[in-house]
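For reference, the structure is listed below as C-alpha cells.
Chains: A, B, C and D, in written order; residue numbering restarts at 1 for each.
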Amino acid sequence: MTNHIPVLIITLPLIAAFLQPVTGFAGFKLRNLVIITILLVLNGLLFMLVPDVALQGKTIYYTMGASDPSQFTQPGISFPVRIVLKIDSFSLFTGIIVGVVTLTTFLFSTGTVKEDKRKSYFSTLFLLFTAGLMGMSFTNDLFNFFVFLEISSISGAALVAYRTYRKHAPYAGYKYILISTIATTFFLFGVGICYAQYGSFNIQYINSVLAHSYLDKVAMLFIIVAMAMKAGSVPMHMWVPDTYAEAPASISAMLKASGMVTLCAMFRFTFSLFGPSSSGAGKINYETLGWIVIVLGVLSMFIGVTMALIQHDVRRLMAFHAVSQTGYMLLGVGVGIAVFAKGDGGAAFKAFGKMAMVGGIFHIMNNAFYKNLLFLTSGVMERRFGTRNLNGMIGLGHRDTLTTVVFMIGALAIAGIPPFNGFDSKLLIYESVYKFSPVLAIIAMFVSVMTLASFMKVFYSSFMGPRRDDLIVEGAPLTKGTKAGLIILAALIILTGLFPGIIVDGIIEPAVTALTQIR
Amino acid sequence: MKLVSLLAMFIIAGFMFTGIGKLHLPGDPAGNSNVFSQRSSEKTDTANISTMDDYYLRNGQMETGSNNIVTSVVFDYRGFDTLGEAAVLFLVVTSISMLLFSIIKGKDLEETVLTDSDGFPAGMTRIVSIGTVLMLPIIMAFGAYLVIHGHLSPGGGFQGGAVMATGTALLVISSFVVRNLQKTYKLFSFFESLGLTVFIVTGFAGMGISFLHNFLANNDGSFLGKVIPLGTNPGFLNSGGILPILSTAVGIEVFCGISIILVLLSRALNARGSQKGGHKC
Amino acid sequence: MLSIFLYVTVVSLLILSITSVIYKRNLIKLVIALNIAESSVNLFFITLAYRPDSTAPIFTLAPALQELRMVLPSPQALILTNIVIGFATTALMLVLAVITYKNNGTLDIRKLKGVEDHD
Amino acid sequence: MNGKIIDLIIKPEIGIVWIPLLLVAVFFVFMVVFHVWGRKFFRNDYNENSDQVKPYNSGNLDEVNYSVKSSNLYWGFKKSMDRYFDIMKKFHDGDLNNYAKWFVIVVAACFLLIGGGLL
C-alpha cells in the first residue's frame, strides 16, 4: 500500500466528501470525528514521506491507471501518456502546509459552525477544498492542475458566500469566482499554447523539450500572471481584502492557504516548467523575469502594509497583511530567479541567491502558520463582539486569556520579533537581499516595522482597555476543538522559531534544491 | 484609467495576433502533431509514435477495449481529470443547494400547485404539458442510450446525463411542480452521491495495480471484458472494461446534479420573501 | 491559409470577452462575457485537434480506408471537462448574482461596491 | 550549503552585511529632507505657532469610554499621507471592473517586455 500514498492523499478527502449526503444521518459529532481522523491520516501519510523524499532526495511518481504506477513513462515511449502525480521535496513541502492548515482550521471551525443549520454543506465543501489544494500540490499535469484549481476556487467562492444573510457576502463570493475564472481562463490558454507546440500536458516532459520560442514566452506570461493574480500580489490584489473580510474566519485561513499553494505552483512553473531545459538553450531572460517578480513583491509589501495601517475593520486589516506578506515571498524567490541563470556559472546563486530562495520558501511556511492563527483569532474576536469593527471592540484580554496569548504570539511572529518563526525567514531574506540590492532589504525592514505598528493597533484596541461585558454578544466559552486549533498553531510557531535549523535542513533546503536543479 | 486599459487591450490584441502567426496551422503537416492512424496488427506498437495523441489512436482500442477513443481518453487515460470534473459538478450542486436553501424556506419549500379546471398545472398551455409527458420517455431513453453506448458511439456519461436532465428542464418549464422540495432534494442527492461513490470505488478496485486501472478490459468476455478486433468494427456492448461502469456512474451523477440545480433555481426565482436581515447589516 | 482565421476568431473572442469584463457593469453580463472567454478557449483546443480529411476518433463503423486518418482525441476529452467546469462556474455565478440581487436590490456593480469606509 | 543557514541564524556575526552607521546616516538625510521639504509637500496648513501642536481631547470622557478609538490611532500619520491614501482608497473602491483592469494592464506590460526583447 505504501506506493499508493500519492493517490490516497488526494482521494481520501474526495471520497469522504462524496459520502457526506449518505452519512448525513450519522450525527454531527461522529461526522466531525471522521473528518478529523481523515485529516490526521493525511498528515500522517505526508510525514511518512518525509524520510524518503526530503531527506534522501527521492522523487516519487504515480502514474494513474498504468500497469506499473511508479514509472514515469511506459516502456518503449519517451513521453508519459497518462496523468502523473509527482512528489518531490517541493511538492511535499506544499502538501505539508496544506495538511497542517486544513487540520487546525477544521478543528477551529467545529466550534464556530456548531449551531449552524447548513453545517453539513460546510464540511463537504471544506473537504473538497482540501482535496483541491492537495491535488494542486502534487499533480505533474497542467490540465489536471487546472481541474484542481477550479475545484479549490469554486469551493472557495461558495464558502466565502457561506453567510448569505450578510449584505455583502454573496457579492464577495461573486468577486472571488469572477477573478478566479479570469485567471483560470488565461491559464488554460497558456496550457493550450504549450499543448499546441509539444503535444503533451506533462510539466516535466514539456520542460525537457522546451524550445524557449516566442509562443513559450506568451504561455509563460499567461500562466505566471494568472497565478500571481490568484495568489493576490499587487496590483492584482484588490479582491483579497473584499473576499477575505466577508468570509467566515476559518475560510479566510483556507483562502490564505490556497494563495500560498498557488504561489508555490507559480514558483514551480517558473522553474520546473519554464526553467532552462536540457534541449534548448535558456533564451528566456530570467533576470528580467526575476525583476518582474521582485517589483510585484516590493509593491505588494509596501502597498499592502500601508493600506493595512489605516483599516479599522480587523479582517480587512489582516487581509492587507496577507498581501504584504506575499510580497516577502515574491521578493525572496524573485532574487533567486534573477540570479540563478546568470552568466557567472552560478556564483551569485551560491553566494546569496539560494539563501534568498530558502528565505522566501521558509517564509511561505511560517506565514501559513501565523497568518492562519491570526485569522482564527480574528474569528474569535468577531464572534465575541458581533462586529468586525475595531472601534467596537475593547478589553477582550480580560475574558479570553488563551486568545490574547495566541494573538500576541501571532502578532510578534508576523512582525519578525526574534523568538518566533517570522524572524528566521525574514532574517534570511534581509541578509541575502541586502547582497543583491540594499534598497530592497531596507524597504523590507521598513515594512516589518509598519507591520508591528498595525498589529499594535489591533492589540491596543481589542484586547486592552477596561473590561466591557456589555459589548459581548456571544459569551459562550471556546470549545475544545477551537482551543486545540489555536494551541497547535501557536506551538508550531514557537517550535519553528526556536529550532529553525531542523526545519530548514529537513524540509526547506531540499525543497529549494528540488526546485532549482536543472533537468 | 479607462484609456490605459483600452491601450492595454490593444497591446494584448496586437501581440496575440503576432503570436498566432507563429502557431502551426490546424492540420498543417509541418506542425508538431501530425497524426496518422496507420494501425498495425502487432500488440503494442511503440515505434513511430511521436505524440501522446498518436499513442491514444494506435493503442487506445487495444488497451481499453473501447471503440470510441475520446471515451477511452476521458475515462481511462485521463480518468483522474474526469474524477475531478465529477467532483466539480458535485461541488457546485452542494454549493448551490447550500446557497439557495437560505432563500427558499418556510412556505417556499412546499409549493401549492395551481391547477386549471381539468387538473392540469396552470401557467403553460395544455399542449406543452401533454407534449412534455409524451416527450419525456423518449428523451430519457435517448439519454440512457447515450450513457450506455459511451464506449462505442459518440456520447458518454456527461452527454447522456445532460440529455436526461433536459427532461427535468422540460418538466420545470411546463409547470410541473415539485411538492415536497426537501424530500426530492434528498432523493436526488442520494443518487448523485451514489454515482460518485461507484466511480471512486471502481477506481479503488484497481488499486492492486494502480488507481483507476482498467482491470476488466480484455479478459475473454466474462464481464464487460470482450476483446474487440482492431481497426474498424461494429463493436460489442460488453467490451470496454470499467469504462461502461464509470460512464453509467457519471451519467447518474450528472442527471441528478443538473436536475437539482434546475429545480432549485426555478424555485428560488419564485421565492417570495427576501431573507432575514438582508437589507440591514 | 483560410484556416488561420480560426485562430483569429479565437483571439478576437478572447479579447472581446475580456474587454466586456472590463467595461460591462451588469453582473449577468459579466457571466455572459466569461462564457464567451471559455468558448474561445474551447474553440482554441478544438482547432488544435483538427486534421484535414480526417474522421472522428471512433472506430465503430468508421469508413474502411486504406490509410485511416483521425483527428486528435485528447483535446476533445479536455474540452468536455472544460465545458462541465464552465457550466459549474456559470451556475454558481448566476446563483450568487440572484442572492446578491435579493440582498442589495441591484445588479449594477457601481452601486454594489461591497466596501465600507477604509478608515 | 548544508549547515550554513543554521550558522547564520544562530551566530549572526557570520556573513552579515550590516553597517548601522550607514543606515543612521541615510535616516538622518531622510529626516533632513522631510523636515525641509516634506512637510510643505504633505501638509501645508501646518503652523507651529497655533494650537495645532497641543494635544486635544473632546467630549465628555468618563471612566468607561476613556480610550482612543482605533480609527484615531496613528491619526497624524494618516493625515500627513492623505494624498497617498486618497489615491490608494480610490483603487480599493470595490469596483469589479477596476480589479479586472489591473490584470489586463500587467499582462500588457509584460507583453511589452517580450516585444522589447527583454523577457
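Methods note: contacts are C-beta pairs under 8 Å (C-beta built on N, C-alpha and C of every residue); 3 or more make two chains touch, one makes a residue touch a chain.
If you're wondering where the values come from, they're calculated on a predicted model, not measured in any experiment.
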| item | value |
| --- | --- |
| Pair sharing more residue contacts (C-beta pairs) when A-C is set against B-C | B-C |
| Rounded Å distance between subunit A and subunit C, as computed from the means of their C-alpha atoms | 28 |
| Centroid spacing, where centroids are CA-atom means, of subunit B and subunit C in whole angstrom | 16 |
| For subunit C paired with subunit D, centre-to-centre distance based on mean C-alpha positions, whole Å | 42 |
| Subunit B and subunit D: spacing of chain centres that average the CA atoms, whole Å | 51 |
| Residue list for subunit B, restricted to those that touch at least two other chains | 5, 9, 12, 15-16, 23, 33, 52-53, 56, 77-78, 81, 84-85, 88, 91-92, 95, 99, 102-103, 275, 278-279 |
| Junction residues of subunit C, two or more chains touched | 14, 18, 21-22, 30, 48, 78, 81, 85, 88-89, 92, 96, 99, 103, 112, 114-115, 118-119 |
| Multi-partner residues of subunit D (each touching 2 or more other chains) | 71, 78, 85, 92, 94, 96, 98, 100-101, 104-105, 107, 111, 114 |
| Overall pattern in which the protein chains touch one another (line/ring/star/complete/other) | complete |
| Complex interface listing, subunit C residues touching subunit D | 18, 21-25, 30, 109-110, 112-115, 118-119 |
| Residue numbers on subunit D that touch subunit C, as the complex places them | 71, 78, 85, 89, 92-97, 100-101, 104 |
| For the subunit C and subunit A complex, residues of the former touching the latter | 14, 18, 21, 27, 30, 34, 37-38, 41, 44-45, 48, 75, 78, 81-82, 85, 88-89, 92-93, 96-97, 99-100, 103-104, 112, 114-116, 118-119 |
| Interface residues, subunit B side, partner subunit C - complex | 5, 9, 12-13, 16-17, 20-21, 23, 25-27, 33-39, 52-53, 56-57, 60-61, 67-70, 72-74, 77-78, 81-82, 84-85, 88-89, 91-92, 95-96, 99-100, 102-103, 152-154, 156, 158, 231-235, 261, 265, 268-269, 274-275, 278-279 |
| Residue numbers on subunit B that touch subunit D, as the complex places them | 1, 4-5, 7-9, 11-12, 15 |
